[in-house]
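Right after this note come the structures.
What follows is chain A paired twice: with chain B in the first complex and chain C in the second.
For the complex of A and B:
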(Lines of atoms letter the chains of each structure in order from A and count residues from 1; the text may use other names and numbers.)
(Lines give C-alpha, C1' and ligand atoms only; values in the text may rest on other atoms or scores of the structure.)
Protein backbone atom coordinates (compact mmCIF):
# COMPACT_ATOMS: atom_id res chain seq x y z
CA UNK A 1 0.00 0.00 0.00
CA UNK A 2 1.50 3.35 -1.05
CA UNK A 3 2.19 5.76 1.76
CA UNK A 4 4.11 8.95 2.51
CA UNK A 5 2.97 10.63 -0.72
CA UNK A 6 4.75 8.10 -2.94
CA UNK A 7 2.91 7.64 -6.24
CA UNK A 8 0.94 4.48 -6.87
CA UNK A 9 2.48 1.82 -9.14
CA UNK A 10 1.70 2.26 -12.83
CA UNK A 11 -1.84 1.27 -13.78
CA UNK A 12 -3.09 1.01 -10.20
CA UNK A 13 -6.00 3.25 -9.24
CA UNK A 14 -6.60 4.45 -5.73
CA UNK A 15 -9.61 2.16 -5.50
CA UNK A 16 -7.51 -0.82 -6.44
CA UNK A 17 -4.87 0.17 -3.91
CA UNK A 18 -7.47 0.33 -1.14
CA UNK A 19 -8.82 -3.02 -2.26
CA UNK A 20 -5.38 -4.58 -2.15
CA UNK A 21 -4.71 -3.08 1.26
CA UNK A 22 -7.97 -4.52 2.56
CA UNK A 23 -7.18 -7.92 1.09
CA UNK A 24 -3.73 -7.85 2.63
CA UNK A 25 -5.16 -6.93 6.03
CA UNK A 26 -7.76 -9.69 5.85
CA UNK A 27 -5.04 -12.15 4.94
CA UNK A 28 -2.99 -11.12 7.93
CA UNK A 29 -5.92 -11.44 10.31
CA UNK A 30 -6.73 -14.88 8.91
CA UNK A 31 -3.09 -15.92 9.25
CA UNK A 32 -3.09 -14.82 12.88
CA UNK A 33 -6.33 -16.66 13.64
CA UNK A 34 -5.24 -19.92 12.05
CA UNK A 35 -1.84 -19.70 13.74
CA UNK A 36 -3.48 -19.10 17.09
CA UNK A 37 -5.97 -21.95 16.73
CA UNK A 38 -3.31 -24.38 15.53
CA UNK A 39 -0.81 -23.61 18.27
CA UNK A 40 -3.49 -23.79 20.94
CA UNK A 41 -4.43 -27.26 19.74
CA UNK A 42 -0.81 -28.34 19.63
CA UNK A 43 0.48 -26.77 22.82
CA UNK A 44 -2.16 -26.06 25.39
CA UNK A 45 -3.68 -28.52 27.80
CA UNK A 46 -2.06 -31.62 26.40
CA UNK A 47 -0.91 -34.45 28.64
CA UNK A 48 2.48 -35.64 27.43
CA UNK A 49 3.80 -39.10 28.09
CA UNK A 50 7.52 -39.59 27.51
CA UNK A 51 6.86 -41.93 24.62
CA UNK A 52 5.36 -38.96 22.81
CA UNK A 53 1.74 -40.01 22.98
CA UNK A 54 -0.80 -37.29 23.58
CA UNK A 55 -3.62 -38.07 25.96
CA UNK A 56 -6.41 -35.93 27.17
CA UNK A 57 -9.60 -36.54 29.09
CA UNK A 58 -12.88 -34.66 28.71
CA UNK A 59 -13.68 -34.54 32.41
CA UNK A 60 -10.40 -33.11 33.63
CA UNK A 61 -9.46 -30.72 30.86
CA UNK A 62 -8.55 -27.16 31.76
CA UNK A 63 -7.53 -27.81 35.33
CA UNK A 64 -6.36 -24.23 35.62
CA UNK A 65 -6.69 -20.96 33.76
CA UNK A 66 -2.99 -20.07 33.74
CA UNK A 67 -0.53 -21.15 31.07
CA UNK A 68 2.35 -23.13 32.52
CA UNK A 69 6.02 -22.78 31.51
CA UNK A 70 5.90 -25.72 29.15
CA UNK A 71 2.89 -24.33 27.37
CA UNK A 72 4.52 -20.91 27.10
CA UNK A 73 7.68 -22.27 25.48
CA UNK A 74 5.67 -24.50 23.20
CA UNK A 75 3.58 -21.51 22.08
CA UNK A 76 6.69 -19.43 21.32
CA UNK A 77 8.24 -22.22 19.29
CA UNK A 78 5.01 -23.07 17.54
CA UNK A 79 4.51 -19.46 16.45
CA UNK A 80 8.07 -19.28 15.20
CA UNK A 81 7.79 -22.50 13.20
CA UNK A 82 4.38 -21.65 11.81
CA UNK A 83 5.79 -18.34 10.64
CA UNK A 84 8.69 -20.11 8.91
CA UNK A 85 6.37 -22.58 7.23
CA UNK A 86 4.27 -19.65 6.07
CA UNK A 87 7.36 -18.14 4.46
CA UNK A 88 8.44 -21.41 2.87
CA UNK A 89 5.06 -22.07 1.33
CA UNK A 90 4.95 -18.47 0.11
CA UNK A 91 8.28 -18.94 -1.62
CA UNK A 92 7.18 -22.18 -3.24
CA UNK A 93 3.98 -20.58 -4.46
CA UNK A 94 5.75 -17.64 -6.05
CA UNK A 95 8.43 -19.88 -7.57
CA UNK A 96 5.62 -21.85 -9.17
CA UNK A 97 4.43 -18.69 -10.90
CA UNK A 98 1.49 -18.02 -8.55
CA UNK A 99 0.86 -14.52 -7.26
CA UNK A 100 2.92 -14.12 -4.11
CA UNK A 101 1.30 -12.86 -0.92
CA UNK B 1 -4.52 -6.05 14.30
CA UNK B 2 -4.47 -2.64 15.86
CA UNK B 3 -4.13 1.04 15.11
CA UNK B 4 -0.35 0.68 14.89
CA UNK B 5 -1.03 -0.22 11.31
CA UNK B 6 -1.87 3.45 10.83
CA UNK B 7 1.67 4.44 11.78
CA UNK B 8 2.86 3.74 8.26
CA UNK B 9 0.25 5.95 6.66
CA UNK B 10 1.43 9.37 7.79
CA UNK B 11 1.82 10.94 4.37
CA UNK B 12 -1.70 10.14 3.21
CA UNK B 13 -4.43 12.71 2.72
CA UNK B 14 -6.88 12.92 5.61
CA UNK B 15 -9.79 11.25 3.81
CA UNK B 16 -7.63 8.27 2.85
CA UNK B 17 -6.42 7.91 6.41
CA UNK B 18 -10.00 7.90 7.64
CA UNK B 19 -10.95 5.32 5.08
CA UNK B 20 -8.10 3.07 6.21
CA UNK B 21 -9.03 3.61 9.86
CA UNK B 22 -12.62 2.66 9.17
CA UNK B 23 -11.46 -0.46 7.28
CA UNK B 24 -9.33 -1.47 10.25
CA UNK B 25 -12.22 -0.85 12.63
CA UNK B 26 -14.53 -3.07 10.63
CA UNK B 27 -11.91 -5.78 10.38
CA UNK B 28 -11.41 -5.60 14.13
CA UNK B 29 -15.13 -5.99 14.84
CA UNK B 30 -15.46 -8.86 12.41
CA UNK B 31 -12.40 -10.52 13.90
CA UNK B 32 -13.68 -10.21 17.48
CA UNK B 33 -16.98 -11.82 16.53
CA UNK B 34 -15.20 -14.65 14.72
CA UNK B 35 -13.03 -15.22 17.77
CA UNK B 36 -16.10 -15.27 20.01
CA UNK B 37 -17.73 -17.93 17.86
CA UNK B 38 -14.70 -20.16 17.60
CA UNK B 39 -13.94 -19.86 21.31
CA UNK B 40 -17.46 -20.92 22.21
CA UNK B 41 -17.25 -23.88 19.86
CA UNK B 42 -13.86 -24.94 21.19
CA UNK B 43 -14.77 -24.71 24.88
CA UNK B 44 -18.10 -26.41 24.30
CA UNK B 45 -16.44 -29.26 22.44
CA UNK B 46 -13.75 -29.66 25.08
CA UNK B 47 -15.88 -29.25 28.19
CA UNK B 48 -19.41 -30.47 27.54
CA UNK B 49 -20.03 -34.12 26.98
CA UNK B 50 -23.11 -34.99 29.05
CA UNK B 51 -26.55 -34.50 27.60
CA UNK B 52 -28.74 -35.96 30.33
CA UNK B 53 -29.94 -32.45 31.28
CA UNK B 54 -30.47 -29.08 29.68
CA UNK B 55 -28.53 -27.18 32.33
CA UNK B 56 -24.76 -27.14 32.65
CA UNK B 57 -23.08 -29.03 35.46
CA UNK B 58 -20.90 -27.00 37.84
CA UNK B 59 -17.90 -28.85 36.53
CA UNK B 60 -18.77 -27.96 32.96
CA UNK B 61 -19.22 -24.30 33.90
CA UNK B 62 -15.81 -24.04 35.54
CA UNK B 63 -14.21 -25.92 32.68
CA UNK B 64 -15.65 -23.43 30.20
CA UNK B 65 -14.48 -20.50 32.32
CA UNK B 66 -10.94 -21.85 32.50
CA UNK B 67 -10.93 -22.79 28.84
CA UNK B 68 -11.94 -19.29 27.78
CA UNK B 69 -9.44 -17.61 30.09
CA UNK B 70 -6.66 -19.91 28.97
CA UNK B 71 -7.36 -19.30 25.31
CA UNK B 72 -7.43 -15.54 25.81
CA UNK B 73 -4.08 -15.62 27.60
CA UNK B 74 -2.71 -17.82 24.84
CA UNK B 75 -4.04 -15.45 22.22
CA UNK B 76 -2.31 -12.50 23.88
CA UNK B 77 1.00 -14.33 23.95
CA UNK B 78 0.65 -15.33 20.31
CA UNK B 79 -0.13 -11.70 19.49
CA UNK B 80 3.13 -10.58 21.13
CA UNK B 81 5.22 -13.13 19.23
CA UNK B 82 3.38 -12.40 15.99
CA UNK B 83 4.13 -8.70 16.33
CA UNK B 84 7.82 -9.48 16.96
CA UNK B 85 8.01 -11.62 13.85
CA UNK B 86 6.14 -9.04 11.79
CA UNK B 87 8.73 -6.44 12.71
CA UNK B 88 11.52 -8.83 11.84
CA UNK B 89 12.85 -8.85 15.40
CA UNK B 90 15.52 -11.54 15.85
CA UNK B 91 14.90 -13.95 18.71
CA UNK B 92 17.11 -16.76 20.08
CA UNK B 93 16.51 -20.20 18.66
CA UNK B 94 15.46 -21.94 21.89
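For the complex of A and C:
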Protein backbone atom coordinates (compact mmCIF):
# COMPACT_ATOMS: atom_id res chain seq x y z
CA UNK A 1 0.00 0.00 0.00
CA UNK A 2 1.54 3.33 -1.03
CA UNK A 3 2.05 5.63 1.85
CA UNK A 4 0.28 9.00 2.12
CA UNK A 5 -1.31 9.30 -1.31
CA UNK A 6 -4.13 11.48 -0.04
CA UNK A 7 -3.43 13.34 3.17
CA UNK A 8 -6.20 13.00 5.74
CA UNK A 9 -7.82 16.16 7.05
CA UNK A 10 -6.48 17.49 10.29
CA UNK A 11 -7.54 15.69 13.43
CA UNK A 12 -8.81 12.58 11.65
CA UNK A 13 -7.03 9.33 12.19
CA UNK A 14 -6.98 6.54 9.69
CA UNK A 15 -9.40 4.48 11.72
CA UNK A 16 -11.85 7.35 11.85
CA UNK A 17 -11.61 7.81 8.09
CA UNK A 18 -12.22 4.10 7.68
CA UNK A 19 -15.23 4.31 9.95
CA UNK A 20 -16.65 7.23 8.02
CA UNK A 21 -16.11 5.46 4.71
CA UNK A 22 -17.80 2.38 6.11
CA UNK A 23 -20.77 4.40 7.31
CA UNK A 24 -20.99 6.12 3.96
CA UNK A 25 -20.87 2.75 2.20
CA UNK A 26 -23.62 1.37 4.39
CA UNK A 27 -25.70 4.45 3.73
CA UNK A 28 -25.24 4.07 0.00
CA UNK A 29 -26.13 0.40 0.02
CA UNK A 30 -29.21 1.08 2.12
CA UNK A 31 -30.26 3.86 -0.24
CA UNK A 32 -29.88 1.61 -3.27
CA UNK A 33 -31.79 -1.24 -1.67
CA UNK A 34 -34.63 0.99 -0.56
CA UNK A 35 -34.80 2.72 -3.91
CA UNK A 36 -35.04 -0.47 -5.91
CA UNK A 37 -37.53 -1.98 -3.46
CA UNK A 38 -39.76 1.10 -3.58
CA UNK A 39 -39.75 1.41 -7.35
CA UNK A 40 -40.19 -2.30 -7.86
CA UNK A 41 -43.18 -2.50 -5.58
CA UNK A 42 -44.67 0.62 -7.11
CA UNK A 43 -44.17 -0.16 -10.77
CA UNK A 44 -43.77 -3.89 -11.27
CA UNK A 45 -45.28 -5.72 -8.34
CA UNK A 46 -48.89 -6.28 -9.25
CA UNK A 47 -50.01 -6.98 -5.73
CA UNK A 48 -49.76 -3.36 -4.68
CA UNK A 49 -50.95 -1.67 -7.84
CA UNK A 50 -54.05 0.43 -7.49
CA UNK A 51 -55.72 0.92 -10.81
CA UNK A 52 -59.20 1.69 -11.99
CA UNK A 53 -59.59 -1.69 -13.66
CA UNK A 54 -59.67 -4.91 -11.72
CA UNK A 55 -56.55 -7.00 -11.56
CA UNK A 56 -56.54 -9.94 -13.90
CA UNK A 57 -54.66 -12.17 -11.57
CA UNK A 58 -53.87 -11.95 -7.91
CA UNK A 59 -50.39 -12.73 -6.79
CA UNK A 60 -47.09 -12.24 -8.47
CA UNK A 61 -47.48 -14.27 -11.64
CA UNK A 62 -45.78 -12.48 -14.51
CA UNK A 63 -46.55 -12.98 -18.16
CA UNK A 64 -43.18 -12.05 -19.59
CA UNK A 65 -39.69 -11.59 -18.29
CA UNK A 66 -38.91 -8.26 -19.93
CA UNK A 67 -40.13 -4.91 -18.70
CA UNK A 68 -42.81 -3.49 -20.92
CA UNK A 69 -42.81 0.17 -21.80
CA UNK A 70 -45.22 1.23 -19.10
CA UNK A 71 -43.09 -0.33 -16.40
CA UNK A 72 -39.97 1.09 -17.95
CA UNK A 73 -41.17 4.68 -17.91
CA UNK A 74 -42.67 4.15 -14.46
CA UNK A 75 -39.33 3.03 -13.11
CA UNK A 76 -37.56 5.94 -14.83
CA UNK A 77 -39.87 8.43 -13.20
CA UNK A 78 -39.82 6.66 -9.85
CA UNK A 79 -36.05 6.64 -9.62
CA UNK A 80 -35.81 10.24 -10.74
CA UNK A 81 -38.33 11.40 -8.14
CA UNK A 82 -36.78 9.34 -5.39
CA UNK A 83 -33.39 10.82 -6.15
CA UNK A 84 -34.77 14.35 -6.22
CA UNK A 85 -36.55 13.84 -2.93
CA UNK A 86 -33.43 12.37 -1.42
CA UNK A 87 -31.34 15.35 -2.50
CA UNK A 88 -33.96 17.83 -1.37
CA UNK A 89 -34.40 16.27 2.03
CA UNK A 90 -30.65 16.09 2.45
CA UNK A 91 -30.40 19.77 1.65
CA UNK A 92 -33.13 20.71 4.08
CA UNK A 93 -31.60 18.60 6.81
CA UNK A 94 -28.18 20.07 6.36
CA UNK A 95 -29.58 23.60 6.20
CA UNK A 96 -31.85 23.04 9.21
CA UNK A 97 -29.03 21.51 11.20
CA UNK A 98 -27.42 24.88 11.58
CA UNK A 99 -30.29 26.13 13.68
CA UNK A 100 -31.40 24.37 16.79
CA UNK A 101 -34.34 22.12 15.84
CA UNK B 1 -29.70 -11.38 -15.50
CA UNK B 2 -30.02 -9.92 -18.97
CA UNK B 3 -26.87 -9.37 -20.95
CA UNK B 4 -25.81 -6.03 -22.38
CA UNK B 5 -26.98 -7.02 -25.85
CA UNK B 6 -30.38 -8.01 -24.52
CA UNK B 7 -30.76 -4.72 -22.70
CA UNK B 8 -29.76 -2.75 -25.78
CA UNK B 9 -32.16 -4.74 -27.93
CA UNK B 10 -34.89 -4.02 -25.41
CA UNK B 11 -34.08 -0.32 -25.51
CA UNK B 12 -34.27 -0.35 -29.29
CA UNK B 13 -37.59 -2.15 -29.20
CA UNK B 14 -38.97 0.34 -26.70
CA UNK B 15 -38.52 3.18 -29.17
CA UNK B 16 -41.95 4.26 -30.41
CA UNK B 17 -40.85 5.14 -33.93
CA UNK B 18 -39.13 1.81 -34.55
CA UNK B 19 -41.99 -0.13 -33.08
CA UNK B 20 -44.63 1.63 -35.15
CA UNK B 21 -42.55 1.31 -38.32
CA UNK B 22 -42.24 -2.41 -37.70
CA UNK B 23 -45.97 -2.70 -37.14
CA UNK B 24 -46.57 -0.74 -40.32
CA UNK B 25 -44.42 -3.13 -42.29
CA UNK B 26 -46.15 -6.16 -40.80
CA UNK B 27 -49.51 -4.57 -41.53
CA UNK B 28 -48.43 -3.96 -45.09
CA UNK B 29 -47.46 -7.58 -45.51
CA UNK B 30 -50.78 -8.68 -44.09
CA UNK B 31 -52.54 -6.28 -46.45
CA UNK B 32 -50.73 -7.69 -49.46
CA UNK B 33 -51.63 -11.20 -48.46
CA UNK B 34 -55.25 -10.32 -47.84
CA UNK B 35 -55.48 -8.38 -51.06
CA UNK B 36 -54.11 -11.37 -52.91
CA UNK B 37 -56.64 -13.65 -51.33
CA UNK B 38 -59.63 -11.39 -51.79
CA UNK B 39 -58.61 -10.40 -55.28
CA UNK B 40 -58.35 -14.02 -56.27
CA UNK B 41 -61.73 -14.74 -54.76
CA UNK B 42 -63.45 -11.77 -56.34
CA UNK B 43 -62.21 -12.37 -59.84
CA UNK B 44 -62.94 -15.96 -60.69
CA UNK B 45 -61.66 -17.21 -63.97
CA UNK B 46 -64.60 -17.02 -66.31
CA UNK B 47 -64.81 -18.54 -69.72
CA UNK B 48 -64.78 -15.36 -71.73
CA UNK B 49 -64.73 -16.11 -75.45
CA UNK B 50 -63.24 -12.66 -76.23
CA UNK B 51 -59.99 -13.04 -74.33
CA UNK B 52 -57.53 -15.84 -74.56
CA UNK B 53 -56.50 -17.70 -71.44
CA UNK B 54 -53.24 -15.86 -71.12
CA UNK B 55 -54.86 -12.41 -71.40
CA UNK B 56 -57.44 -13.38 -68.86
CA UNK B 57 -54.75 -14.53 -66.52
CA UNK B 58 -52.89 -11.23 -66.92
CA UNK B 59 -56.09 -9.28 -66.36
CA UNK B 60 -56.83 -11.23 -63.19
CA UNK B 61 -53.27 -10.79 -62.01
CA UNK B 62 -53.47 -7.03 -62.52
CA UNK B 63 -56.71 -6.84 -60.58
CA UNK B 64 -55.22 -8.85 -57.77
CA UNK B 65 -52.13 -6.66 -57.80
CA UNK B 66 -53.96 -3.36 -57.58
CA UNK B 67 -56.23 -4.67 -54.88
CA UNK B 68 -53.26 -6.03 -52.96
CA UNK B 69 -51.54 -2.68 -53.14
CA UNK B 70 -54.50 -0.69 -51.88
CA UNK B 71 -55.11 -3.19 -49.09
CA UNK B 72 -51.44 -3.10 -48.25
CA UNK B 73 -51.49 0.67 -47.84
CA UNK B 74 -54.62 0.58 -45.71
CA UNK B 75 -53.36 -2.12 -43.39
CA UNK B 76 -49.90 -0.59 -43.15
CA UNK B 77 -51.38 2.73 -42.12
CA UNK B 78 -53.66 1.02 -39.65
CA UNK B 79 -50.80 -0.90 -38.06
CA UNK B 80 -48.60 2.17 -37.92
CA UNK B 81 -51.21 4.42 -36.33
CA UNK B 82 -52.32 1.78 -33.84
CA UNK B 83 -48.84 0.88 -32.74
CA UNK B 84 -47.71 4.50 -32.48
CA UNK B 85 -50.78 5.47 -30.48
CA UNK B 86 -50.47 2.53 -28.12
CA UNK B 87 -46.77 3.16 -27.57
CA UNK B 88 -47.21 6.88 -26.84
CA UNK B 89 -50.17 6.29 -24.53
CA UNK B 90 -48.40 3.56 -22.59
CA UNK B 91 -45.29 5.67 -22.18
CA UNK B 92 -47.33 8.63 -20.99
CA UNK B 93 -49.46 6.65 -18.54
CA UNK B 94 -46.54 4.51 -17.31
CA UNK B 95 -48.93 1.59 -16.91
CA UNK B 96 -49.44 -1.62 -18.83
CA UNK B 97 -53.17 -1.93 -19.14
CA UNK B 98 -55.93 -2.81 -21.54
CA UNK B 99 -57.05 0.82 -21.65
CA UNK B 100 -53.95 1.59 -23.69
CA UNK B 101 -55.15 -0.84 -26.33
CA UNK B 102 -58.71 0.47 -26.21
CA UNK B 103 -57.77 4.13 -26.60
CA UNK B 104 -55.25 3.33 -29.32
CA UNK B 105 -57.93 1.34 -31.13
CA UNK B 106 -60.31 4.26 -30.84
CA UNK B 107 -57.72 6.65 -32.26
CA UNK B 108 -56.97 4.30 -35.15
CA UNK B 109 -60.60 3.65 -35.98
CA UNK B 110 -61.43 7.32 -35.77
CA UNK B 111 -58.51 8.32 -37.94
CA UNK B 112 -59.32 5.73 -40.59
CA UNK B 113 -62.98 6.71 -40.81
CA UNK B 114 -62.52 10.43 -40.29
CA UNK B 115 -62.95 11.06 -44.00
CA UNK B 116 -66.57 9.95 -43.87
CA UNK B 117 -67.64 12.47 -41.28
CA UNK B 118 -67.75 12.73 -37.49
CA UNK B 119 -70.44 10.13 -36.95
CA UNK B 120 -68.52 7.56 -38.96
CA UNK B 121 -65.45 8.47 -36.95
CA UNK B 122 -67.30 7.73 -33.72
CA UNK B 123 -68.50 4.38 -34.99
CA UNK B 124 -65.05 3.54 -36.30
CA UNK B 125 -63.53 4.49 -32.96
CA UNK B 126 -65.90 2.34 -30.94
CA UNK B 127 -65.76 -0.58 -33.33
CA UNK B 128 -62.03 -0.69 -33.66
CA UNK B 129 -61.52 -0.21 -29.94
CA UNK B 130 -63.77 -3.18 -29.20
CA UNK B 131 -62.05 -5.24 -31.87
CA UNK B 132 -58.57 -4.51 -30.60
CA UNK B 133 -59.54 -5.25 -27.00
CA UNK B 134 -60.97 -8.59 -28.07
CA UNK B 135 -57.86 -9.46 -30.03
CA UNK B 136 -55.67 -8.47 -27.10
CA UNK B 137 -57.64 -10.67 -24.70
CA UNK B 138 -57.52 -13.52 -27.16
CA UNK B 139 -53.76 -13.22 -27.56
CA UNK B 140 -53.21 -12.92 -23.81
CA UNK B 141 -55.21 -15.99 -23.06
CA UNK B 142 -53.24 -18.17 -25.41
CA UNK B 143 -49.70 -16.96 -24.77
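Throughout what follows, the second predicted complex is superposed on the first by the 77 of 101 C-alpha atoms of A that agree within 3 Å, B and C clash if a C-alpha of one lies under 4 Å from a C-alpha of the other, contacts with A are read in each partner's own complex, and residues count from 1 in each chain.
Assume contacts are C-beta pairs under 8 Å (C-beta built on N, C-alpha and C of every residue); 3 or more make two chains touch, one makes a residue touch a chain.
Nothing here was measured: the structure is a model prediction, and the numbers come from that model.
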{"item": "Chain C versus chain B on the shared chain A, clash or fit after superposition", "value": "fit"}
{"item": "Which superposed partner A:10 touches (first chain B, second chain C, both, neither)", "value": "neither"}
{"item": "If touched residues of chain A are counted for chain B and for chain C, the larger one", "value": "B"}
{"item": "Touched partner set for A:63, first chain B, second chain C, both or neither", "value": "both"}
{"item": "Contacts of A:74 with chain B and chain C, given as first, second, both or neither", "value": "second"}
{"item": "Partner chain in contact with A:95 - chain B first, chain C second, else both or neither", "value": "neither"}
{"item": "Chain B and chain C, minimum CA distance [Å, superposed model]", "value": "6"}
{"item": "Those residues of chain A which chain B touches in one complex and chain C touches in the other", "value": "43, 63, 66-67, 71-72"}
{"item": "Chain A - residues contacting chain B, complex", "value": "1, 3-6, 14, 18, 21-22, 25-26, 28-29, 32-33, 35-37, 39-40, 43-45, 58-59, 61-67, 71-72, 75-76, 79-80, 83"}
{"item": "Interfacial residue positions of chain B with respect to chain A in the complex", "value": "1, 5, 8-12, 16, 19-20, 23-24, 27, 31, 34-35, 38, 42, 46-47, 49, 59, 63, 65-67, 69-71, 73-75, 77-79, 81-82, 85, 91"}
{"item": "For the chain A and chain C complex, residues of the former touching the latter", "value": "43, 51-53, 63, 66-74, 77"}
{"item": "Chain A-touching residues of chain C, taken from the complex the two chains share", "value": "2, 10, 14, 87, 90-100, 140, 143"}
